[in-house]
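Next, two complexes with chain A in common: one pairs it with chain B, the other with chain C.
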Partner chain A sequence: MGQLGVTEGGMTGTIDIARLVDQEGGHVARRIYTDPEVFEREQESLFRRAWGFLAHESEVPGAGDYVERQLAGEPVLVIRGRDGTVRAFLNSCRHRGMRLCRADRGSASFLRCPYHGWAYSPEGDLVSVFAEELYDEAHLDKSALGLIPVTQLDSYKGFVFGCWSEETPPLPEFLGNMRFYLDILVARTPGGAEMVGPPQCWEVHTNWKFATDNFTGDNFHLYTAHGSIAELGLLPPDPMSLAFGNLVQAERGHVLHVVPGPPIPEAEYFGLPMELRPAIEETLSPQQAEIARGHSFSVGTVFPNLSFMQVMVQGDLRSPPTPFLSFRLWQPTGPTTTKVWSWLMVEKEASPEYRKATYEAYVRTFGPSGIFEQDDMENWEECTRVNKGAIAQRYNLHHGMALHLPPDTDFPGPGTAWPGSYGERTQLCFYGEWKRWLTEEEPWA
Partner chain B sequence: MGDAILSAENRLMVHVGDFAELEEGKLKLVRAAHARLLVVRIGDGVRALSAMCTHARIFLAPGHLTPQGLIECPMHGALFSPEDGAVRCAPATKPLTVHEVRLVGGGVYVDPGPEPEAAPDASTKPGARPSAAQWGNWG
Partner chain C sequence: MTQPVPVGSAGYNIVLEWLYREAALLDNMDFTAWLDLMAPEIVYEMPTRQSVYQKDGEGYDPDFGFFAESHSSLETRVKRLQTDQAWAEQPGSRTRHLVSNLLVDRLADGSFLAATSFLVTRIRSDLPYDFFTGQRRDVLRPEGDGLLLAKRTILIDQTVLKSYNLSIFF
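On to the complex of A and B.
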């Protein structure tokens, strides 16, 4: 049963993914957020083939430092070797498959399996086997039993990405023009940015695409979803004040918005401290610097599920608007469950005073204790719950805002930019790319 | 088309329909030049009011007045009087602007009012920037 250009598959049998997203017409079928078959297809065609964010190099600064992450739902150990190289392995012993390392993060000279005691070096080599004298050489070749490496591993400006497919193009190609915009956020000073402390993690009863949908640059939910915050005076009074700027398709499914703030110097350069601004001008290209200078807010998503927010917020009525930069990973754990990972980032050159201010602004507004985050989670969970309904699924969802506007050809950055930040262009770019990965042999071609 | 009808403020008034089409107690949403207005018949007279709620900047909906004869905003439930645009219930605090109406030969003509400083879609003009006023005391 379809409407407005989208026809869904029947209640049984294989879903025709191509018909669940109508990018031209601006419609999306509800079952993409709830269906177990769609979830399995995503794991196979998207998450086991696309580059996924694992960790930031600043999270594992020393030899033997590790964090445990997930890549396509499988546990991955990101660990820095004694040679300084960051590697990533399936967190599974080659003997019985036991989860080798069971802490979220730590530092280890060797990784010893809790089950039978096989031990690995931080470089992933099997170095010791219990009762080794009871094996002959034909039955134990330790050199062939190292930890299973992530198929492709690379990093961009400290962001370590992994990929389970050999066929997927290298990371720089996968990111494409998104690198131009990531640099504005994470490589705008000579030292670059680092993660502050461990990430916050929490489970949400929603499909991961509700999070990315929101973080493709949905600025127009602010005055309804966060209406109570607006009424407190923590958002500007005019609901159209945040409608300016651009929606940008950097490359394929990599999207963002850039939004100007009030016309005051404090709001330029995303509101970053004055003392950092000369370094930003020197570090970025003229086009990147122009975008940084002219905007206060930027929210976007590195396809498929790494999002960022560079925003100015008031943590309370007495505090001035303060910027923070957060990266979030929306890790699907089931058709309607998602684990959220949220990191705060700050420039290595930042003063202790600014570090404290940006940290406070972040935890008061986002993360499990954040006043904005609470509103979003409530909406995403209810959307997911309702969209499970068989009756609800007869009717598609609407993504039609500002689709009539032609691109803004004066925008200084690469990709395609549309004028105004209230619109659903970037959502549709995301869903279009999602459809490509689920339906095409070589979606990157 | 007859002679141009000018408002008291010397603006060209716009024909938005005929009196005979208007039902008592029913709001009609019309476009008059740059303005979107609510037109409502009250007895033998017609009122035209700005269709933008003064609270959260959403367009008020066409349809019926409330049983009390008021205009209700569909978003947060603010109530306005169709007679003079006065606020009758929060969260709005500012009245709706009343526009001049003339009935000429059965036609309803309204004054669209001055061009607003920032139209609702101003943000979609390439290179447009928000004004300081839009940010109020934020920060």
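On to the complex of A and C.
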């Protein structure tokens, strides 16, 4: 790739993925957001190999409780067994492949296929088949016909992740240093955080990477993409006033930003309620507590497509700045279509008043109706539409902000931190990791 | 105690005309005038919905939605839409709020409970239609010689919104 970022090479045939991301120069080819062949490669090399978020344990509190989710585009049933263990299976009967459970959520003492009646326990064992007396032993071994488990399943602080590959390293290794930062968000009180209600779900005609790109810690889109909020006076008037803080590569493609708010006690600890702060100080390590204390905002992504945002916002002109924590799953459903899942989280110890305030702050500002986020999706859809063009694809996209700055060695957290929160380091970390998974046999090595 | 208000009666027609005029204000993007129809104490909400087996109810979550609005937050939304940089509505959507199947009950305090089915269409740019269907359950209370919307619950039929945002009102 040259300085102007012109994509070389043919228009058709097998794509040389390695040429599509130039981490050093800060360029990304437009076709990574639109090309069906890139999409297929992603499904095969990334989403069927990487750990993907499925559900939070608080969503299936009781025995037999389940939710249906997607892992690499295939339906997965996340269900708590009678032994209290959360398991995950392909939501498909072993007989004809029928979608076994057809609700988004529910509770069942057994799972009976609507087609021919094969029935499974919440632990995934095949317990009975219709007209069982008509099979001989050679043709029905129920012990070998349990539900197909997700190949690897593990959870971190209540977040259940699945992986369709045996070769991928275990979850703790995959998350690496990102665990340090996740703890600051979801394990900062003894009880930890839980999901509030079901996820909001909606479909966006964009490539999942535009959403992820935004949630790698793009802090400098605020004053243009959300210029309406600034016009209303709900952002500080100086567009550089939110440029402080750090961009952080926790581990490989796991990235985030941390941004300080105004220098007032209310804005410390992400603006969380005063009554929770002693517990936060006690629960977190000194380095984690220092980061929590010094910042009001953190947005980031657990590679590849689970993002989070911990921000303080005003849900309306008369409300005080109120924090919320949201997790996002950007589920690719096609080269240019994405299903968004958005959860709100709150500390188990939170008061009813705070739960109401954080919910209202979230729903009024983010999610599909949010006064911030409605404009984000407008951008991502239009970017995707325009980038489909053959002429457009001759020219690469620009990711060059603040690449000349050396790392900030005073930052208390692990990984690599760069000074300031306006920059494109974290995006390039994400795209670099994306390239590794699409081109290397053992990208984790 | 609720008292059915017969279709075609004077009370019914007052509510029907109010709903038609409200829909016209939304379709004409006259949000300032629309806001004048909202009571100061308004509760404006759209719960999320999930696909669940019938034994588990309708699948609405009363505590987690797509809208949870007060008068102040609706006013904020309106003011935002009137800035130059509300990109989701710059240029503006073309919407049609089709409101039908109206059933009206009178509440003990004199308010009207108005249940309607809606079909809201939206076109942005030259893109395909967005369709939203569902039921609205409104509480309209008398104020002066008119009515104000005191509560609106929007029960949307989609579990996954087939639309990239909700930058419009329902």
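In the analysis below, the second predicted complex is superposed on the first by the 436 of 445 C-alpha atoms of A that agree within 3 Å, B and C clash if a C-alpha of one lies under 4 Å from a C-alpha of the other, contacts with A are read in each partner's own complex, and residues count from 1 in each chain.
The definition used in the following text is that contacts are C-beta pairs under 8 Å (C-beta built on N, C-alpha and C of every residue); 3 or more make two chains touch, one makes a residue touch a chain.
Treat the numbers as computed from the prediction; the structure is a model and nothing was measured.
Enquirer: Which holds for A:Gly261: it touches chain B only (first), chain C only (second), both, or neither?
Expert: first
Enquirer: Classify the contacts of A:Trp202 with the two partner chains as first (chain B alone), second (chain C alone), both, or neither.
Expert: second
Enquirer: Have a look at where A:Asp125 lands relative to chain B and chain C in the superposition and call it first, second, both or neither.
Expert: A:Asp125: touches no partner chain.
Enquirer: First (chain B), second (chain C), both or neither: which does A:Leu344 touch?
Expert: After superposing on A, A:Leu344 lies in contact with chain C but is clear of chain B.
Enquirer: Determine, under the contact definition given at the top, whether A:Leu405 touches first (chain B), second (chain C), both, or neither.
Expert: In the superposition, A:Leu405 touches chain B alone.
Enquirer: Contacts for A:Ile229 in the overlay, against chain B (first) and chain C (second): which applies, first, second, both or neither?
Expert: Only chain C is touched by A:Ile229; chain B is not.
Enquirer: Which partner, chain B or chain C, touches the larger number of chain A residues?
Expert: Per-residue touch count on chain A favours C.
Enquirer: After superposition on the shared chain, which partner residues are touched by A:Arg318: those of chain B (first), chain C (second), both, or neither?
Expert: After superposing on A, A:Arg318 lies in contact with chain C but is clear of chain B.
Enquirer: Which partner does A:Glu281 reach: the first (chain B), the second (chain C), both, or neither?
Expert: It touches nothing on chain B or chain C.
Enquirer: What is the contact status of A:Glu57 with respect to chain B (first) and chain C (second): first, second, both, or neither?
Expert: So A:Glu57 meets neither chain B nor chain C here.
Enquirer: Touching chain B and also chain C: which chain A residues?
Expert: Common to the two interfaces on chain A: residues 224, 227, 231.
Enquirer: Name, in rising order, each residue of chain A that touches chain C in their complex.
Expert: Where chain A meets chain C, its residues are 102-106, 196-206, 224-232, 315-319, 339, 344, 359-360, 363-364, 367-369, 371, 373-375, 377-379, 381.
Enquirer: Note which residues of chain B are touching chain A in the complex, please.
Expert: Residue list for chain B touching chain A: 56-57, 75, 91, 118, 120-139.
Enquirer: What residues on chain C touch chain A, complex-wise?
Expert: It is residues 46, 48, 50-53, 56, 59, 61, 63-70, 72-73, 75-77, 79-80, 83-88, 159-167 of chain C that touch chain A.
Enquirer: Could you list, by residue number, the parts of chain A that touch chain B in their complex?
Expert: Going by the criterion above, the answer is residues 223-224, 227, 231, 233, 235-245, 260-264, 266-267, 314, 320-321, 402, 405, 408-411, 419-423.
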